[in-house]
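Pasting the structures here.
After this come two complexes, each holding chain A, first together with chain B and then together with chain C.
Showing the complex of A and B:
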């Protein structure tokens, strides 16, 4: 029983990370229809920026506290997201290029980010200091390392905030309007260019945060991006691309299937690596709208 | 007259590419052979991605299916080589068809994700196949058997690869200029309009996917006998990105572009690595972004600046 409860904590924590990456996809996909595969690398970048800000890696004088790492990640990733949007996506949209053009260009960006990280930080994994140590803590029946509880708390708070943003603010409504109908939204006076920029900046920030949060558990490694990109996307497809809550639900479902399967199913552990792909294929073919179908326009 | 001239050009090109095999030696032969495999894969992937407009990430997975199938059939199970060859090709084709049926219903980039999931599954299966697939270490220590008492070895195997590239190119060019090729381009540019003109969109999409993926399987079969070693990482995601980049940089939709792109990006690391180390992948990424932004028709588009003989 305690085994299962521990698994619940660890699956919820991994699910939260998948959900954050799925949210990063969603923030960009909804208003622009662009699937940005580079979000995985942005998460890896967030992990490395966090390590650099907290350890004496980059600037010996600077050995910053955790809050500084959080700010560094948000500022750096926001700037990088803006830069990528301005340099690659904006000119293509302005030219009226086919939607696959920016998607393919972002695959090029993915490779640029990953190889730059390798060159800057080396190919070995870098340990990332956990802000609250490694000492096990227990909340009632649930026990785990503090970082897991931090991940879960931050993710749920962030999802609540993003949900409120979309439901309650004018900006959020503008986002939704663009997602439902770009042309009509533009005619209603919504600045499409600004919405696209905002989508990439916020998407990069959320992805970076996901990388920063998970790095104490996995270390910062240049190969962490692509698996995250695939898991995040799988979470998004499971939950449904239309709703913010879908990303959270999809991330949790994916993580629970992965971890429960690996723990209790009598198959070789290597084969359990295939679970996310089977789920992705099943949902794409059988239920492309995901568990939470998009709402109709109101 | 035209026919004769074309035949002469083909013959001269094949002879020159084959002669190179006898002139090169050692490490250069290995590089040349792998380059020929890349060119063969780039040609079929260009038809799928550049001409039929399907962004699929399963091309290397099908090469892997072909390579593993021939080695398992011919060497692990000991079937006669001819039979093993036909079975390996048939397995690639059948699997491609099964994947194509549901996948081609998916719109745009969702096809990429479904085929990416499929190719990752293939990797999981061959890595976990136990003794049959050799697990993560792969299979080694087998030799191309005699076919009709003929042993093909040394530069003659390189000639086989040249013929593979030539026949792939010849077939895909024929297809491209047929009604099938025009239907593929029409669907790529506007599927709704193509359907309105009476093109059976589903059928053409499934056919294009199955055919090009089977060609990938064939290239995989040829690859299995280059080093007489196969292992899972070769058929992973890294290489499919590189293949996609070759097509984009070379010029999507152009056969000559696929060849230029494959040769250029395959050989570039040999020049770049001493200068920038592993950073050549950054250079490739930048190259892809710049190509999409400023030269969407790729390197082939630069070549074709002078009077176009044929409208594409």
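Showing the complex of A and C:
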């Protein structure tokens, strides 16, 4: 039993990270219909910015606290999200380009981010200091490390805040209106450009936060973006692209299938690598709208 | 006529200057180094190259070779085989008399096509692949790194000496890790130790708790860590600590890379790993002292490979008495009983019986990680 409860903590933490990346996809996808695969690289960038803020390596006296790393990640990633939108997406939309054009341009952004990270920080993985250490902690039978509990707490709080934003604020309703019908929303006076910018800024901030939260468990390394992009995308497909809660549910389902499968299924552990892809294919064929259908289908 | 005289004068001056430049160029002995500054072999290639640089500096301080200074020309192949061959050709075009390959084994393999064609002395001081001297019959190529088969035999001998009966192998999903794990499995079966399970931590995993829970449930005597990817290695050690596991962890030669100590800081104490360096050996002490003076830090074993490599080449040049390529090859091939910084106490290198792999079969050691440092030798050889 204690094995299972340890695994629940581990899978919930991993699922929370997938959910945050899925949320980053969703924040951009809903109002713009653009799938931005660069969110994985944005998460990696968040991890490196966090490490840079906390460990100056050569001058330990200048090492910043964790809260400073959080602010640095939100500010830097928000600025990068704005820059990417302004330089790649906005000009294409202004010229009336097909929706595939920004998607392809953002794939180019993915490459630029990855190579820039390698050039700036090198190819070696960088250790990322955890804010609360790594000693095992237990809440009853639920045991894990403090970072896992931090990830779970931050994710659930953030999802609640985003849910409230969409459900209870005018800005959130503007987002939803644009998602439902872009043209009609524009005719109603909603500033589409501003919504698009906000989508990229918020998506980049959420992705960066996911990277920052995950890095103490995995280190910050330039190869971390692609797996996160795949896991986040799979979580999005599982949960459904239309609802905030879907991203959270999708992330958790994916992580639980991965980790419970690796632990209890009588198969070689190497085969568990295929779980996300199997889930992705199953959902795309059998339930393309995901576990939580979008609002218009309700 | 005055114009003609001036032209003649200018030509004579140009000739003089050219001869002077040639004379200056010949005052150094150029040795090429192929390393990896940016890609997957960077972990070990850079420290090994640092050892080559330090060795060359020391040799030059002591008068150089054949009365000339050594000049290193360093090229980066990004651990890509095709680039490595191109860099080897560039080095030959630049006039090097020997090439030291510090990059990955597949890249070194490809660079051999150039050393064979151009009859250039070629040495790899740290590569461990057994096939480097068997896939291509290149008489100009020599290998002094501890062969994978020798490391494995030492690790298996140690595992058997500890009385382990059932073990688990944990690896990542890279091809190199799979190759390590396969070698471990075959070696263990050969000495009668059962592999109870093999766990794979995939690249990009966010937790290894499930994998290590399975290992814990199998109640094995020890865990053989065959991973090579840093982040997944970190996952392993984090989960090992989180689950409060106490099974001994045994690692490959790969764990001698110091970067793991930084990544998994304070998580690896007690881990044993195969190495080829005994810090108590006099030759190792001399190297450690020189390294400390130059870089103001304690070295890992990796720079010692490069240090030995450049000294071995310098010795071959002195022995050949010239820079003639054939004489250099013959001088290197005749090396016997060379005692370097690398290798267990009482062992030496040599290319006996026409072999081009010089590492002593008894030269590998098992060390333990202590206080986040590569600690003392706990086992040596294969007996």
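Here, the second predicted complex is superposed on the first by the 291 of 298 C-alpha atoms of A that agree within 3 Å, B and C clash if a C-alpha of one lies under 4 Å from a C-alpha of the other, contacts with A are read in each partner's own complex, and residues count from 1 in each chain.
One rule holds in what follows: a residue touches a chain if its C-beta (ideal position, glycine included) is under 8 Å from a C-beta of that chain, and two chains touch if they have at least 3 such contacts.
This one's a predicted model, so the numbers in the text were calculated from it and none came from an experiment.
Classify the contacts of A:167 with the two partner chains as first (chain B alone), second (chain C alone), both, or neither.
neither
Quick one: is A:100 in contact with chain B, with chain C, with both, or with neither? Answer first, second, both or neither.
First partner only.
Now for A:219: first (chain B), second (chain C), both, or neither, which partner does it touch?
The answer is second: A:219 touches chain C but not chain B.
With the two complexes superposed on chain A, say which partner A:280 touches: chain B (first), chain C (second), both, or neither.
A:280: touches chain B, not chain C.
For A:116, decide between first (touching chain B), second (touching chain C), both and neither.
In the superposition, A:116 touches chain B alone.
In the overlay, answer first, second, both or neither for which of chain B and chain C A:262 touches.
second
Is A:17 in contact with chain B, with chain C, with both, or with neither (first, second, both, neither)?
The answer is second: A:17 touches chain C but not chain B.
Touch check for A:134: first (chain B), second (chain C), both, or neither?
second
For A:7, decide between first (touching chain B), second (touching chain C), both and neither.
second
Would you mind listing the overlap between the chain B footprint and the chain C footprint on chain A?
After superposing on chain A, chain A residues 118, 226, 230, 268, 270, 273 contact both chain B and chain C.
Which residues, counting only chain A, touch chain B once they are in their complex?
These residues of chain A touch chain B: 35, 87-88, 91-92, 97, 99-101, 103-105, 107-112, 114-116, 118-119, 226, 230, 233-234, 237, 268, 270-271, 273-274, 276-278, 280-281, 284-285, 288.
Show which residues of chain A lie in contact with chain C when the two form their complex.
It is residues 3, 6-7, 10-11, 13-14, 17-18, 118, 122-125, 127, 134, 136, 143-145, 214, 217-219, 221, 223-224, 226-228, 230-231, 255, 258-260, 262-263, 268-270, 272-273 of chain A that touch chain C.
Going by the contact rule set out above, which residues of chain B touch chain A in the complex?
Per the touch definition, chain B meets chain A at residues 55, 102, 105-106, 108-110, 113-114, 116-118, 120-121, 124-125, 127-128, 237, 241, 244-245, 248, 277-279, 281-282, 284-289, 292-293, 296.
What part of chain C is in contact with chain A in the complex they form?
38-40, 42-43, 173, 198-200, 202-207, 209-211, 213-214, 217, 230-231, 234-235, 238, 241-244, 259, 262-265
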